[in-house]
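What follows is a short report on a single structure.
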Amino acid sequence: MAEVAKYKEVAKFFEDFEIGETRTTAGRTITEADFVMHAMHSGDWMPHHTDAEWCKTQPFKEPIIHGNATFSISTGLCIQGEPLNPHGMSYGYDKIRYPKPVFAGDTIQVKITVIDKRDHPKQPSHGLITEEKITTNQNDEVVCVAHHVIYVEKRHP
Amino acid sequence: MAEVAKYKEVAKFFEDFEIGETRTTAGRTITEADFVMHAMHSGDWMPHHTDAEWCKTQPFKEPIIHGNATFSISTGLCIQGEPLNPHGMSYGYDKIRYPKPVFAGDTIQVKITVIDKRDHPKQPSHGLITEEKITTNQNDEVVCVAHHVIYVEKRHP
Amino acid sequence: MAEVAKYKEVAKFFEDFEIGETRTTAGRTITEADFVMHAMHSGDWMPHHTDAEWCKTQPFKEPIIHGNATFSISTGLCIQGEPLNPHGMSYGYDKIRYPKPVFAGDTIQVKITVIDKRDHPKQPSHGLITEEKITTNQNDEVVCVAHHVIYVEKRHP
Amino acid sequence: MAEVAKYKEVAKFFEDFEIGETRTTAGRTITEADFVMHAMHSGDWMPHHTDAEWCKTQPFKEPIIHGNATFSISTGLCIQGEPLNPHGMSYGYDKIRYPKPVFAGDTIQVKITVIDKRDHPKQPSHGLITEEKITTNQNDEVVCVAHHVIYVEKRHP
Amino acid sequence: MAEVAKYKEVAKFFEDFEIGETRTTAGRTITEADFVMHAMHSGDWMPHHTDAEWCKTQPFKEPIIHGNATFSISTGLCIQGEPLNPHGMSYGYDKIRYPKPVFAGDTIQVKITVIDKRDHPKQPSHGLITEEKITTNQNDEVVCVAHHVIYVEKRHP
Amino acid sequence: MAEVAKYKEVAKFFEDFEIGETRTTAGRTITEADFVMHAMHSGDWMPHHTDAEWCKTQPFKEPIIHGNATFSISTGLCIQGEPLNPHGMSYGYDKIRYPKPVFAGDTIQVKITVIDKRDHPKQPSHGLITEEKITTNQNDEVVCVAHHVIYVEKRHP
């Protein structure tokens, strides 16, 4: 059988991450179709997202997309075009906040910064890296903050 | 204009939440179509999720769904059929973990438990409730843990 | 194996239904994405729904969503959050009408009323309940009428 | 502006329909993705359709697709490639039944027969045509029956 | 087993195609949802299609749909309602061009013309037919040109 | 307004392309859901792709995905993670062929090779680059060949 689907890898050990390292992603405009797609797939049809009449009676006056949609799309933006790191894997999230709503027509983008490095409490061979992912809209307002924790092998445990 | 989309409301103040309260959701079988749908909408086509040949070379041997897909679908399960609480709103998440993978064909279900109540650090009128959402598969294995924080008005601040 | 996906059940025998009983659903705004989604899934690309230029030459001047889309979405609204009834199952529909068109941006909601109870012609153990589902738009205009027949076990046949 | 989207028309007055006229459609295999797509778009996640574990405890042992999905897809099959009739429009349905379930992997096809012609009760210029649409699976079992009523202009009122 | 999914066939040999033969398709309005759907399914999230802010800095000022989306949808329009030809099969394309962009809200339609007939270089039993598919928008501007080659059996090789 | 959605650019003039340059993409497993998604979005429900019963009577015995689906997904694979080239833009395709079918469960990958450079016939400031995109399956069989033409500015016209 052939050598199929070889992925670009960039080996990065725990020691190779530096606090303050940063990168930014592409942007993506959130459309009304994205509201429908997330409501459909998650099954979350709360009126805040999909009932325009009810929204007129609320502070924001129009539908706002599900926080988790912003979060999932932000995660996707962070991953597109990134190489695989054979020494790391996703460990989870330590915090997610949605400080401002996202409306149909807004364009979001994510900035990723390494904000923490620490030993793993039980595995001396590995450490935990925290990346802060700040999603902003076209007016530079923060619409999502996510602290992503990555479990990374140490070069010299 | 008519009275449209009146939502079932259950008023629940901060004082009304009790640590240990619990409820469970419906179940949902995760299909191959759900893998494709989440990859499509998030734009996250990492080979762990959508390259079956590459997965054969990995520990799990077959594709596993994106953690965020499990998280979003779990959130949807928690919300379906729930009334609105006019005194509360989602504040964010304090922790998300994916202890075990979810494969195509697995059926997930969520159990929600109130695990914490605390005053809001700055707003004396409100408190913060933490609900732990434990998603399990058909073998009772935990596949997702999420700590959801809700910002709730106090009846007697 | 674990006790998975236990559904909320509300046992309701034939005798428990009363003509005139009523309930209303949540609302949902019909977006352009819903037009595309229904056309895609059903394969019905009639110009009334998806050719805006041709629609300009017609009485309604703009695309109207497929009647069956309104019907399916109305059915979904009726079901969300409803408990299972172990004594009943869907028997079919006796009538569906679409008195007014639904345009992109309209918000629909359904009102369900029990309008008929009758014995099943052949099964003395069961009866037939008819629920009228009236879908209205944000201006209180009726856009869909569906008579749903449910086959329900009798407590005392 | 250009002559865009000219549709094939076949003028057919009330007098031109004959009881017993028949035609058959193409076939379509119902996939697991169709279950997900209909559940997503309608918002109907009843366990009969999307909880494979629960279905194991039920008579059919595996998920069955929503009746309305079969109905919508059948309607789409009936319409593909059909010309427009400038003298007719859909009036609604007089009956829908789902005698047998449809499972993932089944292939459905529709046979359409004109079964009734009658005057419109109030409009002497028009009549009502009833087409019976019988959807069968690959074993020739009937899985959906729908009586479609069409409102058609008379050539000689 | 039943006779399922019998397709309308129109037998057309190589000799039956005439240069200059032409037909036109139905129209379809390209919506914002179509942009999202094609980006999702292809995984092509180039900013020209899905980043409205970036597009404001570009010559077209707003997103333009992927050329391949226009091409795929045009192909779909050409096929709807067409009979099968048991003597022909698609061989590929000899040219695709996208002379003008397609914006959300544009309505496209396709005109198909037989522009070439030639012997197959190696198979004397078959020939190659080239159909030119010209996709235009509502202003009669050409937005896609595709030369489709069909491999067709000869009646008298 | 903020600096949003800044894209990674790699400036590459006509002179910078070399015949024989090559790169490969990630892989993607084609699922049954991809068949449905492409049929849905394009509106192409030919039985070769979506009628499993009819396919049993044909040489391949099971459904094969639309050639244009393979082509669109291959294009998406080629683009993910690629920087923008401010000096180039897509000009079209000179050839597309589908030598072997793609079945559900196959995993595809694309290899891109620069195979031609030529002056533009009318614009001395620009040239045309041809990239050959060869899509293979997990058995190294070629399933799609596409000659993509790019219109690129010259550094020294």
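Think of it as A, B, C, D, E and F in the order they're written, each chain with its own count starting at 1.
Note that in this section a residue touches a chain if its C-beta (ideal position, glycine included) is under 8 Å from a C-beta of that chain, and two chains touch if they have at least 3 such contacts.
This structure is a prediction, so every number in the text was calculated from the model and none was measured.
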Go through the assembly and pull out the chains touching chain C as well as chain E. A, B, D, F
After a C-alpha superposition of chain A on chain C, what does the rotation angle come to, in degrees rounded to the nearest 5? 120
Relative to chain C, which chain has the most distant C-alpha mean position? F
With centres defined as the mean C-alpha position, give me the chain D-chain E separation in Å. 28
How big is the gap, in whole Å, between where the Cα atoms of chain A centre and where those of chain E centre? 37
Two or more other chains are touched by the chain D residues 4-5, 7, 26-28, 31-34, 36-37, 40-41, 43, 45, 47, 51, 53-54, 80, 107, 138
Which category does the touching pattern between chains fall into here: line, ring, star, complete, or other? complete
Contact set on chain F toward chain D in their complex: 31-33, 35-37, 40, 45, 47, 50-54, 63
Per the touch rule, the chain E residues reaching chain F in their complex are 4-5, 7, 28, 34, 37-38, 41-44, 46-47, 51, 53-54, 67-69, 71-73, 75-77, 79-80, 84, 90-98
Help me check something: in the complex, which residues belonging to chain F touch chain A? 1-2, 4-8, 24, 26-27, 80-82, 107, 109, 136, 138-140
Residue ranges of chain A in contact with chain D within the complex: 39-41, 43, 45
Which positions of chain F touch chain B when the two form their complex? 26-29, 31-34, 36-37, 80, 105, 107, 138
